[in-house]
Each structure stands twice: as structure tokens, then as C-alpha cells.
């Protein structure tokens, strides 16, 4: 949908600016606070522990530009996203990082981390083993022990202990951010959602790179004004499902064609923030529980495919008419779920369009597919 | 023109036995139900010693060697792959897995002499370290209309950093798995059979490594193409008596005798290389082509340690991991020993960092006295190709020339034989090795 | 001592005649369906142009994709070795040579003695080779020869990530429909090939000096994109041979080495 | 290369036609569809839903010009002025660049609608084999698209792929299909990349294959790829083929053979399907507007 570009309507400009100027932001943050910044590779990284240590976690994402520097390090059969991420490091764009870390998830992104670890000097580097069998009762105690070990390693690095109170603050800060973004998403269920999918994307992705304290303040301001905002008829209500996605150009192209994304199942979207850490005496267990029980990345979603029911529930709550299934090229975990998801959605009468993303997407070719998809959803005047 | 052979050579006698054992395995699986037995399917790395406790009439079908069997049959492989693409599964997924799924939906067994139809397993028993492991059987279960599956996550970090908590996580899943097996089959679990299977597995993994170690000799008694036909038994059922006995009592003595008598696998050996990852199965003639250069592939980290277990010895060399001298008296002890044994598997280490694999590959290059390495950048296997580009850089840095080549272990559409042979020519030229035969 | 090097490539067959290390002549002909006949004809034409009889030739070394078809050659050598030998003679300072032919791109790293230490070939994709520019020239309705010059007039980098030649063509068509200036599209085409080639070359390890060989090295637009990628100037042979003759020249030099007991 | 290029074996013949039995002056609604494809452009003018005239031309590098040229050629000699066309719809790659069109619709919607017109309402599956992509489309009895798939990773199953061979073998594209009908099907060729397939074809010719056998192998390979796409979508009867390749009997007959389905013979040039669909949508849009008024 076309947004009226009135000054008071630009509610999301701050998020967009943060997203676009992420590196400047992080450098300024360091300057201002004197704190450390850790780059992380996957949303299974427990940011509450980093916040508890006064460390700014910044998610490492790509830049969507063709590049020629990763070929020596990552075999071309691995996903373009992990290569794009590594390219950022090799090109020196994250020079300000004090450390890097990953929590174990898919094999692809792991290579961005390990090659970074091998070739780009940083002060601190941590590989957090993380259960893949999250449906096993043994996953929580195992992860809890891993989190304790990680915390110890962090304490050694920063030179002081992380107290229970710090952990509590970290969790509350993260929870508040999650709660506020959930409130914004709640508004997307309305017949006329007051925000576009592109705006939502800027909001969530920026939360992965901005001090949550600041992000929360901005969200609070937003939530004051947003419920009364009117941007008109959303057109077709779409959900976008798949792997990591911060391809704003694609989202913008689809919404320019008159449809609106009303929700998503992305790790740059709902999978990142839906669940909170339950307040508890045993915070480490509570944190472990949160990451074991969150809506999983498909690499961890077995033996049952729990994500299917979740997607169906969301589609109903958000009155979804069509689903765009996207996936980073060569992303095995998503490729292993796509046929099942497609079948389930179509069973419920929700049409799907599948697209494979690369570092850049061919907007011209994709536009034809998306338009044809929207034509399927539109009865209107042609027949 | 053939110059006079540099070394004596003779056929490996055990090769025929290995072939028979492999055939028996596929026949037994097909016929299991006729004998009132149980059949299960799972990965080659799954803990096959555990279902062994269900009885002596339990047979299995491991997915990777089965996918490779299909790959040998080009027509069937293509048929399987196209059938599964039609179902909407991506072409870049693991090619063993696609071959296996194709076999299910076509309902064709790769051993038609034993069964025309794909023999449906009673349950799936898997392990998980590669993203395609548990999901492989999740989809297989869908395709077969919901066969129950259990999978054990073993991706708990490198062996050198193993903690009690990590072992507990794995062993906890194993205990749950046994309860699950009892529930699925309605049988009582026999710990004695488990303990016996664990001991067999120790022997299989130890002796296979011991056999590979013999290839440090010049001339090498075995070439990798032959080794493929031998290591496969360990991937079929490493905890079986027949695998352990074959490795310990037949193959090891024969290869040892070849060493003592100076028997070469390649009679004009003048260049020693290793490879990496599964080869493109439909094109093993590449190895025969290299023999024209007097080039022998002595194996790879893949053939050595997919099943073989290794350790540092006091003299600093790499040799077979010693069989644990422990008394196992109950289920928990057996499972713990099994977990610790498997978690040391060299082929499981690179999942956390390529440098762990590079170190092992470089020591192979040094201790097996190699001229270079041919790395198969295998589009068919994300798990074993993980970090391979970094391995290449590290091996080169250690002073060994490397020739990478792209291909696919199970999908011949992604391998170009002519281009690969041209590349081998260029590599041999750069090593200064002259062709002995045209 | 007169020797010949023949490079039977995917598109053209190149011949270099060498006498005591000096180039007597070079010749090029389309590689026809009958490769042996094409090679024969190319050799005969070259010999005729300098008035040398066939039996004066002491040794013929063949290289290139079709080298095995040249049954009258005394021996064959891969393009990798031929290229290395050729370029190192022209530019002894070269440590990396990037060779882009009609259907293949290669990168070769040399040591101080001109010996090959590593090489890479682009795998299974023509997007990093000359055929790509040809296809794009057609989609753009621009003469192939003008592509290089036109791309220099570009003012804007347009990202293009297509790997498949035909899909790149439709990306080009989309760009045309979006009214993107042709100059910018042509630059995007050259950037796309250069990116793929540089990627592959980085795998081999790029060490200075870097030289370009193969027919595509005559395309100034491509050279420009490569220079931009690497951040320094590349050497392009002009004398004694043009870039597309480097492998044939190398093969001739190897033929000479052979006679000298190398 | 320059030689074969100038002969342009790969180009389809241009054509135009006027319906001798129709007088536009008696018509109620005059609508048009213009399909600006990557290789060719078609304009179709319809009078009350019947084809009045059409032109099929190659696409130049400027799409508004291509659209104008083909429409002018279609109208040439008919006496129908452009401004009498009440509603024109643009489709194809250049759909937004048709200067006189009121609306742009995708070629997927238009081909399905066009196939419904050309082959009747029982058509449920349409295969549109265009210049640079290939689409498998499922539609209902009105020709409305219900699902579709496009070739994603590789262009081997497209018209461009076939043109490369026409060029290489120096056989006019119109004749490729007929020539490929050999007595015995050759072994399948392996290469999927159009560029590498080309050098593979050269190698086959060098091995002594005839041009006919090489063409048979490639028509077979193309048919096979397309069938894979169709099977992924699921083929429901009746089945029709539109687009340039529908004129290639070598590919069509092999698709039919693999699917064990016969596609109806086209009575109208199947390359026009998109433009016809566009013109029919134009007519529907006029009718709806009138009803509203």
C-alpha cells in the first residue's frame, strides 16, 4: 500500500535510520558508554546474559550487495546469507566489535562464525552448544548448564561477576522489548492495520542491533500514537514465512502492489520475540526454558513439526489470505519443512507462493510472480 | 606404454567376503518380517547397538549406504531424484536422502533380487549432528504415512571439551530411547545384548582404524577405491558380530600380511594423495584414471574415521583408539561407554570448527607421507562439506598442494567427469608427476 | 628449431609458430565441428603465411579443450600449464594469471620460478566466462565489440546477482524495461563476470602482479571492472602476443623446452 | 558467431492477420491485448470478444516502441484507428510500458484466460513456454488462475534454450521441431546449463551425431524438464500448451508422450494466447464499468 508521506505519519523513521546506520550507532554507543559490543550470529544467543553484563549484542546481518570475498572460505553450496554475513566481517564493516558469538543452530550460519573466528581478530569468541533436540526433556537442564558455563566465560572476560540482579535486569529488559513488539503486532490483527510489513520489519530488525533500553523508549512512544493511525485498506493480507529475511526491497515491492504483510514467521520477526522469560527464582533455568520452548528454527523442529500448528494459528488470528514462503537459497532446514507447510496452508484454503532468496533478489522477475499470485487472490473485476 | 611394475600386487582376498556380507545385510532386512523379526531404519551414525537389545532378530537399513547403493545405479538414482523433486523437495538437499525418499515413494528396493518393493521399517532410529539427520526421517516418516521415529542429538561440542553435563544429555536421550523402543515394539529390553553389541562396536571401530593405519606403508597395501567396499560394513552395522569379526579376524591379518610382503595396491605407486568426503559414487573410475599416473589415494579422513576411531599415541603418531578395558555391568554403564566412544569420532569434530578437521587432515598428510590432496567439494552432503573451503586453505598452508573439485556423491547430474579428469591432468602436471600409461 | 603451439579452444583455434624462441607468426580460426581439420587448416595457413614447410616443424604441442583431437601433435599439455608458461615468459613478475575464455574462467598462481602452485576453474557455470558477454550483447542489441567502451560511460553501479546466463538475460531485459541506461547495464554485466572471476581467483589466492589472458581480456569494460575489484592495475599482454594467444604461445614454448631436453 | 547471428536462425517469423468476416464498425466493445515479451511482442484486437486482427513481431530494446509498432502493424489496413480501442491491457515483461494500455496484468493471468478462449473452458492445466521462462498454470473453467509454478533455477527448459540450438545448428527455429522427430530416441543428454549444453552439442556433432539426433536429444531434454515442472504442480485434464514453444512439435510431442496426455491442436497461433487473454480482460473491464454506470 502507498503510504501518505506526511511528517506525522513517519512513525517508523527512527527504526529505519537505526537499521540503515547500524554501524554508526554501535560505534557511537561504545564511545558514549565505554561498553563492549558483541556480534552474534543466531537468535538462539541468550541476549539477556549479555545485557546483564552490560554488553551490547548486535546481530550480524548481511548487506545485500554482491561480493567476491567469501569464496575462499565458504563452499558455494551454503546459503547466501551466511556468505553475506561473513563478507561484512572480511570487509571490515564490524571492526568495532569486541567479540563474536554463536549459539548452535544450522550448519550454514555456523560457517560464517567459524571463518570469522579464523580470519578476523577479535578479543572474545564463544561457541555456545545448544540443544537441537528441543523436544527432549533433557534439553532444558543441558542448556542451563551450558548457559552457566557461558556466563562464567563472560565473567572472566569482563573481569567482574554477573549477579542475580544483573540477570534479572537483563531478562526484564529483553522481556519488555518482546512485550512491546508483541503489542505492536497485536495491532496488525485489526481489519486496517496501522502499520505496513516494511515498517514492522524495520522495527524488529533494528531491535536486534540497538540498545534495548533505547528501543523500548521508542516503542513506547510509538504505541501511544499507533492505535489511532489510519493508513487505509491493507488490500490482500499476507503472511511471510521462512528463514532470515531483512530484504526490505522485496517487502516494499510486494506492498507497492497493493497487498500488506500482516505477520511473519521469520527469525527476523516473530520467532525472535514472541516468548518471554518467565520470572523465576532459578533464572538460568527460566532462560534455558525460554530458548528451548520458543517457536523453533526448523533445524530444531523434530521429531514433531510444531511450527506447523503455530503458523496455522497465526494465519487465523491475523486473518491471512495468502502466504509467501521464502527461503535463503540452499537453506536445508527450511527446504525440509516447505512442502509440509505448503500442504497444510493450502488445505486450509490459503494460497502460497514460494520464492528463493539470494543476496540480491531479481525484483523484475519476482514482481511477475507476486503480481500473478495477487491476481489469484483477487476476484474483482476481471471475470 | 607400460613400464615394468615397481611393486608386486595381488587381489585382496577379503574383498569377496565383504561383498557377500553386504548382500546378506540387504537380504536380511528385506526378509526380516518373514522370520518374525523387527526391522528399523536410521542413519549410519545412529547408535545401532541400542536396538540390538530388542533381540537377535532385529535388522536395520542405514540410509547413507543405501542412498549410495542407489547412486551406483544411475537410472534408478535419476528416477528417485525426479520423483522426489516432483513432490516439491529441493534439488540441493542431501542426495542420499533424496535417493532414499525416492525409493520410498516409487516403492522400489535397490536390491530387487531380495524384494521388489521397498521394505517398510517398523520404526526409525536416528542420531542427529547434521541438520539433515533427524529431518531426513521426519520426512521419510511423512512419506511412509507416519512411521514412529526417535532421534538422539549428539551435537554436544568437540570431544576435547566434553563435560559431564553434555554426556548426561546424550545418555538421558538414550535411556528415553530404550523406553520408547520397548513401547513401540512391545518387547522387553535385554541389557546383555546391548552390552555385547557395545563390545562389538569397540572392536569394529578399533580394527578398521588399525587397517587404515597400515596404509602408512609405502607402497600402500590398499587404495581408497577398494577401501570403500570395506569400510561400508561399519556403516551398515558397526555393532554386529559379523562386522567386528570380519575386520579383526580376516581383513586386518590380510592387510598386515600385504605390508609384510610389500604388496602394493597400485603397482607403480609414485604419488600418494588423500581425498575428502564421499566420492561421486557413479564415477569411481576417477581413481582408476589416477592410477595411470601411478597415483594412489591412501584414503581420507572420511574413509578412516566415518567408522574408525583414533587417538594420539605416546610417540606422537595417530593410531586406532584403544578398546576400553572396562567391565560393563549394567545399562547405564553401557550407554555411557557407548556415548563417550562415539563422541570421539573424528568425523564429528568439524561440525563445531573446521580447524579440528584441518589438524587431523594435515597429520594424515604428514604421517601417511602424501604429495597432495584432492578435496571433493560435495554438493550432495552439507554435513561433510561443512568447512571444506577452510580445510583446503589450512592444508595448503601446511605445504600440501590441494586440488578441489566439485561434484555430488549421489546425483550424477552435478558431476562432470571430463572436466574433472582434465583438472587431474593439470594437478599432476603441477606436481611434476608424469603419466605412466595412456 | 621451429615448433608450434596449438590451443584448440571452445570457440577459436589459435596457433603460434616459434623459431629459436622468437614468434614467427600467430593465426586464429573458428573451431569447427571437425576439430582436427580446423587445427590442420589453421596450422597450414600459419605456415603458408611465413613460407615454412610442414616438415621443418620439429615439435607440436597441443592444448585446450579439444587438444586430444589433434592427432598430429607430438604431445599435449593442459591449459593450466600452457597458460602459466606463456604468461611467465611475457611477464616474469606475474604471480597470478586470470584467464577468461569463451566458456571457462581460470585463475592460476605461480611461484617465483613460474611453476604452478595452485589453480582454480569456474565450475559448471558460464556466468564467469566470455559467452556471458555475448549473450548479454545480444539481449541489449549492442555489438559485442562496443560493449567495453560503452560500459566506461556508466555512472552508476547496478547490482546483478544472476548466475545463470539466460536468467541474467531476463534480468537485463527487466533493467531495459525499467529504463536503466544501457551503459549502466553493460557495466553491471561486466561487474557480474568480474565478481565471479574474482571470487574464484580469491580462492586460489591473488598475489601481485596479476595478469589477464584470454579473449575477454581485450574487453576494456571487463578489465575496468576487474581493476575496480582488485584495487590495482592488471597486466594485459600486447607484445609479443595478444591475450588470447597466451596458451598457444605457452604450448609452443613447452614444445621448445621438450626439444631442449626439458 | 557474427555470421550465424546475422542469419538469425533463432528468430520466429513475424506475422499479421485481419479477420475478413468482421467489421469493427458493427462492434459494441473493441478491446485489445498487448503482450510485450522478452523476444516477441503480440498485439491482438478483439471486437466483442472475437479476434479482429493481430500482429506478432520481435521485441526491440525499447518496449513502448515495440508495443506501438506491433499495434500499428496489427491495425494496418483495417481502417480501425487506435483511439477507437476502448480498453487495452498490457501484459508480458513490458506490460507497464504499453503507452496506450489502461491496465497491466501478468502473462500468467492472460495466458490462462487466452487458453480458456482458444481451447475451451475444460482446460485445467496450461503450460506456457515463453522465451525466458516457463510456467505451469492451473485454472478454473473461467480461465482464472488457481495456482502456478515458474522454472526457478535454470533456463534449460525455455524458448531461449531452444534458440541457442537453432543458432548453433544453423536450422531455422520454425523447423527445429519437425527435424527432431527421428525414428529412435537418442540417449539423454546430461548438461542442464544452456551454455554448457551448447558445447556438449558440439561434442556430439563431432562424435558423428546428425543434427537431427542432436535436436532429438535436446527436444527430449527440454520436454523432460518441463514435465518435471508440470508434475510438481500436478497436471489435471484438459491440458494445453501456449507460447512460442507450442509451435515446436518436437518438444510438444515429447511432452505429450511423457505425460500420456494429448494437448489439443491450436487453431490460433499459440503465441497469441497472452494478448488474447489481455483483450478479453479488456472487454470484461469495459462491461463491468458499463454495468456500474
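For clarity, chains are labelled A, B, C and D in written order, and residue numbers in each chain start from 1.
As a convention for this text, a residue touches a chain if its C-beta (ideal position, glycine included) is under 8 Å from a C-beta of that chain, and two chains touch if they have at least 3 such contacts.
On a predicted model such as this, the values are computed, not experimentally measured, just so you know.
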item: Of A-B and A-C, whichever chain pair has more C-beta contact pairs; value: A-B
item: Maximum centroid distance from subunit D, chain identifier (CA atoms); value: B
item: Averaged-CA centre spacing for the pair subunit D and subunit C, given as whole angstrom; value: 38
item: Chain centre separation (subunit A, subunit C; CA means) in Å; value: 45
item: Subunit A and subunit D, separation of their C-alpha mean positions in angstrom; value: 42
item: Contacts with two or more other chains, residues of subunit D listed in rising order; value: 93, 133, 153
item: Multi-chain contact residues (two or more partners), subunit C; value: 124, 167, 170, 173-174, 177, 203
item: Overlap residues in subunit A, where contacts from two or more other chains coincide; value: 71-72, 364-365
item: Contact footprint of subunit A on subunit B as seen in their complex; value: 87-90, 92-94, 128, 130-132, 134-135, 137-139, 141-142, 149-153, 155-157, 163, 165-166, 168-169, 172-173, 176, 351-355, 377, 379, 382-383, 385-390, 393
item: Sites on subunit D touched by subunit B in the complex; value: 153, 190, 192, 228, 231-232
item: Of all residues in subunit C, those that touch subunit D in their complex; value: 10-11, 33-35, 65, 69, 103, 124-126, 129, 131-132, 134-135, 138-141, 164-167, 169-170, 173-174, 176-177, 182
item: In the complex with subunit A, residue positions of subunit D that touch it; value: 93, 105-109, 113, 133, 142, 144-148, 150, 152-153, 281, 284-285, 288
item: Contacting residues of subunit B [partner subunit C, same complex]; value: 389, 396, 401-402, 404, 406, 414, 416, 419, 422-423, 425-426, 429-430
